[in-house]
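Got some structures for you, see below.
Common to both upcoming complexes is chain A, partnered first by chain B, then by chain C.
Presenting the complex of A and B:
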């Protein structure tokens, strides 16, 4: 009895020690990760000097940088551009992805396996190898620079159906007999999708919308290629980056740049805070539910 | 409330997996027909073709005189109950039952009236506001039946509706389905692998094997006069005993001679053998466990055997005995006819003598496996 107790205690202490070590490592990693974000956040509120300084914590706090960001620069245009692209892509991509997933999960047709393999192989090529061709095509039809918003919408939604894996995995876990019951009950295929499958798939719908919104919101490479000439067609990422190209903007208006960075982070942070639980369910749901 | 007619229906999966072949059946209005057979016999596939959930490879299916081959399930006016209930998990019981009515844009008051009426018949009124996951298996099955009931559809299809329930609940629900049938009075097609369900529920039973109908008949017909050995062995529990032996025709009388005994065939069976002018030949003799009687060593018709297993079922005993030739035979004995001494003596290894009832024997061709007199 004594021995087993002692043994038990030993185990418990061991777990405690290893947990402590793990947490210490995690905290250190988190701090390293957070440092740049905290710096940007703090600098965005600094008003005693708008350039680069040798300290982090502001001496005088205020919203001046934000006010000048929204009133004196093209930032509102970029922000609106990005928001429009993000929302349109989120909606269109959701429709594409969910339809593709439902079709590949539920229907059996000739070439289904081949199509899935084809998409798999196609997905292995990194997206940016098509960049030059895409630029040529888009500039040929006039969807670059001032019309870059439409160009970007096209680029982000065009192949979105290929990202069907996660939601197909989720749909696969919903018993087929539910579809059949609904069809016998008088539902068309579309009604089965909207009245039975989707209401049961909230996590995956939210996951799809979230990822669809985030991709254009955070993208720099494509956006930069397609719109770099006029401010009118720029997204936030491209616009903010363009500031870094000039001495003046980098040195004299550094805090305003930081305020821009914080503004970009806000919508995504909010989305994640409210939808986090669905997001986790969406990512893991398809895998464990079966 | 409709007739269903299947003509030369065939189902092929892929290139050459034939699931159902040459299926011909006419189901009368308000008839209760049961498709029964071992798993993989094509019974569910046939039901699903009637429902429109599987395409028909060849042949035609008519509901109420209209060919429905190319109609979507929603246009066939059928209701179906699934083995795994298939309740919509995100909807309440009420919404589950109202689903089809709302799709048809029925007025809210009518929907309410319909659903509450069905819930009342099934005794699930107090469950209407619950979600399916808060229900027990039996309750879920009731809801599934209710969802099909509110439809007032032409044909009521049931695909192994009781298979997911435990034994006790299954017996109870079986009785309820018989009652339900009186109340809703429509055409039923019921699929099961359980011969007890088939026998107790069906007006007619369709026994299938490997995608082909073996026999169609009333429960009494398939029990008393099975077309072939498969049907004979499938219907009835415990299953029929078979013996390869000789059927002897002597002076217009027929005898079977298993294990050197000589037992005369009597009654209608003997008449039919004579009518068909069946000659002396080797046959497979089938005798149901309840048509075997215990006798004693003095009986010239008695066949000696040793008891292997004695299953006390309550009202009856299932004796598993083994003959001197090593054949296993099951005998069903009513316990009420046994004295205490005899019951006590039926232990492992003890010798018993059995014989057959002359009027309840079945004769099958050795090669054809067909009933010689059906």
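Presenting the complex of A and C:
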């Protein structure tokens, strides 16, 4: 009796110790993950110096950086550019991705396997090499530099059918018998899609829209190349990076960069938190089914 | 190596089993290559056979067909119109008319120049109007290459359509001879939302892919065989075909501007090293974090997860640029370290060749763990809990449970994901570029070997640098692009053949 009790006690202290260690590790981790963001937030409120300083907590607090960000710089243009691109890309990409993934998942036609393999091989080329020729062609019709948002919309959406994998994985899990039942009842393929499949596809539709909308906010490479450092055509990523290009720029714009970062992060984070459930479903669904 | 029977294999002890399997894998490589070559040969043979059948069918249709069919060989759509399928017939006819018009008006010109990519350089010409020599534009090699390529595409599309037109005549004759009716234009439109619905759905996405991905990629593959760069921009100075010279420059090192093969070798090996570390550190640490948070008895699970997921939402460029400046030589980290007297000189986090490599991997862990935590949590929850219960009764400790249950399950489910994230890391532009941009990393050997690369550059950031830099070395960029493709393709092929396929798309339907 005594022995088993002691054994029990041993187990419990062991669990306690391991749990305490885990708590300590988790707290340290959370600090590491959060500190940079807290620093950005704090530095964005600093007034006494616009450059880089060796400390984090401002000596004089205020909203000056935010005010000058919106009134004295090109930031509003960049913000609007990115917002417009994001909205258009979200809609078009959703349509393209759903069309492609639905077709490849639910329909059997000649050349389906071949098409999927072809897209797989295409995806092995780095997307950026298409930029060199696309830039020349787009600038030939005036869709780069100051009109870069239109060029970027095309570049982001045109080939988006290639990213059908996650969404196809979702459609693969919807039982085919539903389609067949509807077909027996005389529904056309179009009706099967709109009346049977789409109403069940809310998670994947929202996931697709969310990822598509967020992509232009984070993309740097394409936006930088298509806008060619013309301020009017930049997105927030390119614009804010341009403020840190040189030491001289950094000294003048560092705190504004922080404020800009906060302005970009707030809406995206809110949106993400709001739709987190769908994102998790999409990501893990994609991981489970490749 | 002798292949063991099942019984013999089971009789081996553990290390020997593993050795046997590794040996089997390497012994299998020649046979695997042989199979690959045979498969390719099979494709070529089947392709040849298909072409032969097509040609035979075209000849036979002409021989056996009615006069309507025969006229359709020259006037596309004639057969359709004369048999009452007006809409199809007119589409065919207009396509043919457009093709002939295009070829006569433009296509022929571009095709003729395609072999040389233009032969008229800009030059001065005497003008009687001004009584002076004025500058005249010559050919533009870029346009010649682009329009030449488009013309070739158009010709292929025409041949395909023409073949379709012939086939439709044969089918129409067959249907009519059995006494049935042909489809009307109305039926055609209706079938687009029904049994031909896949064509409707794929039309726009596929055209997008062809115009914005397929054509540019073929164009760039062609560019790899030209001398297109800043000095040969096409209009002020023509560029032309140079064969495999660019590949030669990159591989053998015989280069006009330094020793490019050294740069390429360095960057390629670092790219692979980076992809390996970036993928697996994230994978295992992310899984570890997920397991820690998932552990029974840990409270505030939602808070821990929520904080990590929050960091996914914040756009990467914000955090990466900020972290980059945090660790800069005059950044906060160095100021603090110097204030505390721990170092006397600022640490060159981004400039030291080795330290910068370690730093980008560490920061990448910081960026990547939340994603992996999210994915791993979802999968861990799917592992049947009774597996753990029964293993506990059998006396397995936590570590044993991890290696025998959790890890195999995770690896099995996320096999394909590991491959895609490895490839994504090969092309991980943002982390490297945003962290180390403008912080010229010191590596004398790379500086002198040409190509303007640094020791943290991946193939993709190098590609970006040489296309946006002063030299605009497009030909080299094209070659590097092809090299990235080759690397990715080889890795994918090997992995697909080694890991058991975890996925069958018909499983759930």
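Going forward, the second predicted complex is superposed on the first by the 237 of 290 C-alpha atoms of A that agree within 3 Å, B and C clash if a C-alpha of one lies under 4 Å from a C-alpha of the other, contacts with A are read in each partner's own complex, and residues count from 1 in each chain.
Keep in mind that, in the parts below, a residue touches a chain if its C-beta (ideal position, glycine included) is under 8 Å from a C-beta of that chain, and two chains touch if they have at least 3 such contacts.
Note that the coordinates shown come from a computational prediction; the quantities given were computed from them, not determined experimentally.
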Report for A:36: first if it touches chain B alone, second if chain C alone, otherwise both or neither.
second
Report for A:47: first if it touches chain B alone, second if chain C alone, otherwise both or neither.
neither
According to the contact criterion defined above, which of chain B and chain C contacts more residues of chain A?
C
Touching A:22, do we find chain B (first), chain C (second), both, or neither?
second
Where does A:105 make contact in the superposed view: on chain B (first), on chain C (second), on both, or on neither?
second
Let me test your reading of the model: by the given contact rule, A:84 touches which partner, first (chain B), second (chain C), both or neither?
neither
One more residue to check, A:175. First (chain B), second (chain C), both or neither?
both
Which superposed partner A:188 touches (first chain B, second chain C, both, neither):
both
Using the superposition on chain A as set up above, list the residues of chain A that contact both chain B and chain C.
175, 188
Name, in rising order, each residue of chain C that touches chain A in their complex.
142, 146, 193-195, 197-198, 201-202, 204-206, 208-209, 211-214, 216-217, 219-220, 223, 289, 292-293, 295, 297-298, 304, 307-319, 321-323, 325-326, 328, 330-332, 335-336, 339, 366, 370-371, 374-375, 377-379, 382, 413-417, 420, 423, 427, 429-430, 433-434, 437-438, 459-460, 463-464, 467-468, 474, 477-478, 481, 484-485, 488-489, 492, 502-503, 505, 507-509
What residues on chain A touch chain B, complex-wise?
175, 177-178, 180-188, 191, 195-196, 199-200
Chain A-facing residues of chain B, complex
51-53, 72-74, 78-80, 82-84, 86-90, 99-100, 103-104, 147, 151
Over in the complex, which chain A residues touch chain C? Could you list them?
15, 19, 22-23, 25-26, 29-30, 32-34, 36-37, 39-40, 52-56, 95-97, 99-100, 102-103, 105, 107, 109, 119, 121-122, 124-134, 136-137, 154-155, 157-162, 168, 172-176, 188-190, 193, 214, 217-218, 220-221, 224-225, 237, 240-241, 244-246, 250, 254, 257-258, 261, 264-265, 268-269, 271-273, 276, 280, 283-284, 286-290
